[in-house]
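Shown below is the structure under consideration.
Each chain gets a letter, A, B, C, D and E, in the order it is written, and its residues are counted from 1.
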Amino acid sequence: MPEPAPAIHLRIDRLAWEEGILFEDLDLSFPAGRWSCLLGPSGCGKTTLLRLVAGLLEGGEARASDGRPLDGRIAYMAQSDLLLPWLTVRENLVLGPRLRGAGRALMRDARERAAELLAQVGLAAYAEALPQTLSGGMRQRAALARTLVEDRPVVLMDEPFSALDTVSRHRLQELAARLLADRTVLLVTHNPLEALRLGHQLFVLGGRPTRVQGPLVPEGAPPRPAGDPAVLRLQGALLDQLVASAALTEAA
Amino acid sequence: MPEPAPAIHLRIDRLAWEEGILFEDLDLSFPAGRWSCLLGPSGCGKTTLLRLVAGLLEGGEARASDGRPLDGRIAYMAQSDLLLPWLTVRENLVLGPRLRGAGRALMRDARERAAELLAQVGLAAYAEALPQTLSGGMRQRAALARTLVEDRPVVLMDEPFSALDTVSRHRLQELAARLLADRTVLLVTHNPLEALRLGHQLFVLGGRPTRVQGPLVPEGAPPRPAGDPAVLRLQGALLDQLVASAALTEAA
Amino acid sequence: MRLVRALVTAAGLLALWQLLVWATEAPPYILPAPGRVAAAFVARIDLLLANAWVTALEIVLGIVIGTLLGIASALLLASFAPLRRWLLPVLVMTQALPVFALAPILVLWLGYGLASKVAMAVLIIFFPVTAAFLDGLARTSPGWLELARTMNASPGAMLWHIRVPAALPALASGIRVAAAVAPIGAVVGEWVGSSAGLGYLMLQANGRMQVDLMFAALLMLCAMALLLYFALDHGLRRMTRWQV
Amino acid sequence: MRLVRALVTAAGLLALWQLLVWATEAPPYILPAPGRVAAAFVARIDLLLANAWVTALEIVLGIVIGTLLGIASALLLASFAPLRRWLLPVLVMTQALPVFALAPILVLWLGYGLASKVAMAVLIIFFPVTAAFLDGLARTSPGWLELARTMNASPGAMLWHIRVPAALPALASGIRVAAAVAPIGAVVGEWVGSSAGLGYLMLQANGRMQVDLMFAALLMLCAMALLLYFALDHGLRRMTRWQV
Amino acid sequence: KLTVLLDWFVNPDHGPLVIAKQQGFFEEEGLEVELVAPADPNDPPKLVAAGKADIAISYQPQLHLQVNEGLPLVRIGTLVATPLNSLVTLRDGPIDSIKQLEGKKIGFSVAGFEDALLGAMLESKGLSLSDVELVNVNFALSPALLSGQVDAVIGAFRNFELNQLELEGKKGKAFYPEEEGVPAYDELIYVAHKDSLERPELRRFLAAVERATLWILNHRGRSWDSFKGYAKELDDKLNEMAWKDTLPRFAHSPAALDTGRYARVASFLHERGLIGAPPAVSTYAVDLNEQR
């Protein structure tokens, strides 16, 4: 990693769409070098939260604990894959360095890294394919690989494994956990088990305006095996929280 | 339902992309009025199979057991939501009847049905919103509602719940199971539990060229509760099959 | 704010113009200074207005008919691929036909009146519209088309409910180009046996070396073009409001 | 197959032309029958070719310069929003300026040689290119732009690696229109001041009442326009091959 | 009702037509006359030949070309009975004689016979067409000359371009074709369709323009007022000057035909290769008042 990952503090005074207030008077802290998982009913604002941290949306203030700007230290994997249709998978993977005008040496490094990651996400054979010819899960894997090529201290991922089958999902979770072990990661997921396996702490969002509950803090270091007692113990509690937050969101 | 749902037979002689042969010499039968779930590693050809049945791809022959053409009896929910950005959610829901040039009476019926379904998928408040202002999960719910408005005897769904949180996912599974109880349904999913809850029979795809294993047939009528012994019993076997098919696919 | 910007732009252009006159020492019979033109503008305002009115009518008719024809031909060509293969070359050819070669033919068929001038404007306008719209129609996202197919959309419904709305931004782009070239279309049309209109006035003033009057007419034309463009642009933006 | 189609289209058009001549009883000095034109074509082929060569050069230069200028101005306007607000009206105005009004000025600066005609063609070509490309650049999917932002792309890199490729189909559409109107640009240029070229030949033939020769030159021009259009179209398709 | 296609925008050359309208001479002949200005002077004869108008204003040399190409046109009257066309240079420029044009640029506005005209003029001074460079400058004869883009222009009307130059503060020097080896011709003539010669309206039309011509000659001062009253855009300095210069050149007897003049120009054009063997003058030029 290029530098130690900072903690992140997010402060939202008020964020409203036409349909009403989404967030109001919210303070959140995501500890340094840890995975924070965000769960909650569809439409509660998880993606919006990530976009605020990434600086893609006005209306909130995200600060790094080391006082330096976050800009340039974030890798963001959006909910849709955003692969560029005119670039091959390989070219898509090194889009970041290319956009930053990386020199020859940097580009070579990035290309090597990309080739490695392509193999690790199981797309080695598709390096020269255009994204349009890939299946949904393959596209998502390519997007994940691109995010990992970025090699940033702060990583925001919006449902990065949602289109994957159980087996690849498991494998890629391990891969991400390993490669992003000491990064500050915000992971949006709908899969409670995934959150329990990967998160140092879990936040559950819900209600209108959306409030944040938690964090739930499973014991032990991620990635935890699915059968880990810490996971099993918290599973019930997490599910209860999710049901409650869904009810809360709906009632409003 | 307008008419009894037919069984479907799919015959593929050979289907190849640039990267190699995907299917070869394959015969599949999906029984009438039953849910068939398709599982398998990412990129193994699940979407392709659905597209073949829907008649969107050349290379396979799908026949209905009643000998009549399938054309016009299929509702297809693709992996991406395909909501039209210039139509409101409500208008997107009645796109089918509108495209078929439905008369006033039919359109009124469709609109009523759409309003009902919007409420059932929890989007009643977003009827007049444009799709771009919805979250990922909300878009998927709208797409599901649109598929259900179609009210066809054969329904093909490609990972219809993948972007949903646990609670809504559970609720919409019930909804779909209820509304499509006696339809011939092909459901692509990556969630083994989902398949076990919803499927009358489960097919696992894998290998290169892709072969189809199964069907696995859980006891009892779907939707089965998550704790159902039939589900728990088969869970291990299914996972083993998935791991095996993933390995098989990778080896090639 | 907008008005301010418009005024500042205008002032800037005038300054540039005056500078050009000074810098190139262009004689007044080639590029008259703004002051002279303004004087001519004021002195002959009745003449200018009377002729502008004629041209405005031609422009509006040309835009309306040209756009409608362009839309219709794009729809036709998009619906029937064989037709496209056969007729597209013909459309391209119409663009290469110089007006004066057609003028006697047009007059022969349409007379000296408004019709032949509007026809000329239409000829100039309709290709950008056709080309842009056709391109938009051809580029509809295949996912939507497949969805429509599974919904048993007739080709007509598919066109109307999917391809046309999806191509509206492209059409808007074409109409913008058309709006910008419409005035020149009308002016060129007035070369086809005319006795009124800004184009006529310009030719006539040019022939008499009343270059200041000619530039005054030109100014009038530019003002009309701008008005038309931005009015249409405003409307087109509303039409494609769902667009980013 | 393609050749067959081209030949059949040509034959069809000739038949239509002949029919038109019969139906409207257009006299040969207004619309000569295809036979007469063909005869003139064959008889004066050396004259036609010599002049076509001049015009072709003007067209090609016009296309190249006009497209490059159009691309450059679209890039500039897309990069700097304030610039767009100030300069777009000016661009629109350039479109409304009838060439003949500018011709004396252009000729004054560029002389009667190749330059003034190329300038004329450029003037006609560059707006469709600018407008279409600018539109494409403005409509880049916001998701990609946000991605690029999180990747710390400089505005330049964002333009070059995201917005430009995303706008290539729109640019292609603009270039197609430009290709179709380029010949008329060159001809109008020749019309205003020249001593060679198909436009000059047409004027001359028209003055001598050699309408059949004029139409032969027109035919030549159409053929050149078609060739240019389809050659460019072919190239443009390759350029946007990732497109559906 | 008669439709008359002018050769160009209404200008002092069309004096008798405008005055006949203004003074009601056409009405008195029971005619309703519409004057239409085209943009291309070559169109009116074609349209008359095609039956789209009754009378066109054309140029005598043009008529020979038209007839040669088979247009069914006949000259029925003369509007301006002398050449107007001239070769013009700037008086304070370097060119004082045709001889000095060698190697120079000459601008012209395409009408089809400039090269014949110019060729004859050059050859009378021992030069030939290949010694000069001809440039089509279309609408802009005077500007091209004034701005030095060309050294001379052919096709300039002596009643018009010379005044234009003067208004711009320059003096032009004109070389007259009829003084430099070109046979004299009628600059502006009325042409009608071959098959319409029996129409009584044509003779009444000529009678009206004859009256108008005489009226102009009798009322020089008032005639300008009457002319400029026809359309607002006519009232300017240039037209006023041109009016004075044009007055003496209107055919005093519009219907009268000088057969010899037509035969001479025809054989001149034939010699210069612009037309084939000239047909009999009577097939394309008539005096409507003869023997009828």
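Just so it is clear, a contact is a pair of C-beta atoms (placed from the backbone, for glycine too) under 8 Å apart; a residue touches a chain by one contact, two chains touch by 3 or more.
Molecules present, by chain and UniProt name: A, B = ABC transporter ATP-binding protein; C, D = ABC transporter permease.
Since this is a predicted model, take the numbers as computed values, not measurements.
Trainee: Shortest hop count from subunit A to subunit E along touching chains?
Mentor: Counted as steps through touching chains, the separation is 2.
Trainee: Out of every possible chain pairing, which has the most C-beta contacts?
Mentor: If you count contacting C-beta pairs, the leading pair is C-D.
Trainee: In whole angstrom, how far does the Cα centroid of subunit B sit from the Cα centroid of subunit C?
Mentor: 50
Trainee: In angstrom, rounded to a whole number, how far apart do the mean CA points of subunit B and subunit D lie?
Mentor: Once rounded, the distance between the two centres reads 50 Å.
Trainee: Just the number, please: Cα centre separation of subunit A and subunit B in whole Å.
Mentor: Centres of subunit A and subunit B (C-alpha means) sit 27 Å apart.
Trainee: Between subunit D and subunit E, what's the gap in Å when you average each chain's C-alpha atoms?
Mentor: About 37 Å separates the centre of subunit D from that of subunit E.
Trainee: Please set out, as single numbers or ranges, the residues of subunit D touching at least two other chains.
Mentor: 26, 30, 100, 104, 108, 191, 203, 206, 243-244
Trainee: Which residues of subunit A are in contact with two or more other chains?
Mentor: 80
Trainee: By residue number and range, which residues of subunit E touch two or more other chains?
Mentor: 40, 46-47, 50, 139-140, 143, 147
Trainee: Draw the chains as points, connect those that touch, then say whether the picture is a line, ring, star, complete or other.
Mentor: Per interface graph, the chains form some other shape.
Trainee: Which pairs of chains touch each other in this structure?
Mentor: Applying the touch rule to all chain pairs gives A-B, A-D, B-C, C-D, C-E, D-E.
Trainee: So in the complex, which bits of subunit C are touching subunit B?
Mentor: 143-144, 146-154, 157-158, 161-162, 165-166, 168, 242-244
Trainee: Sort out for me which residues of subunit A touch subunit B in the complex.
Mentor: 17-19, 39-43, 45-47, 79-80, 122, 125-126, 129, 133-138, 140-141, 158-159, 162-169, 190-192, 239, 242-243, 246, 250
Trainee: Write out the stretch or stretches of subunit A touching subunit D in their complex.
Mentor: Against subunit D, subunit A makes touches at 51, 54-56, 71-72, 74-76, 78, 80, 82, 84-86, 95-96, 98-101, 130, 132, 150.
Trainee: If you look only at subunit C, which of its residues touch subunit D in the complex?
Mentor: Touch residues, subunit C against subunit D: 5-6, 8-9, 12-13, 24, 26, 30-31, 85-86, 89-93, 95-98, 100-101, 104-105, 108-109, 127-128, 131-132, 135, 139, 141-142, 169-170, 172-173, 176-177, 180-181, 183-184, 187-188, 199, 202-203, 206, 214-215, 218, 221-222, 224-226, 229-230, 243-244.
Trainee: Okay, in this complex, where on subunit D does subunit E touch?
Mentor: Result: residues 26-30, 100, 103-104, 107-108, 111-112, 190-195, 200, 203-204, 206-211 of subunit D touch subunit E.
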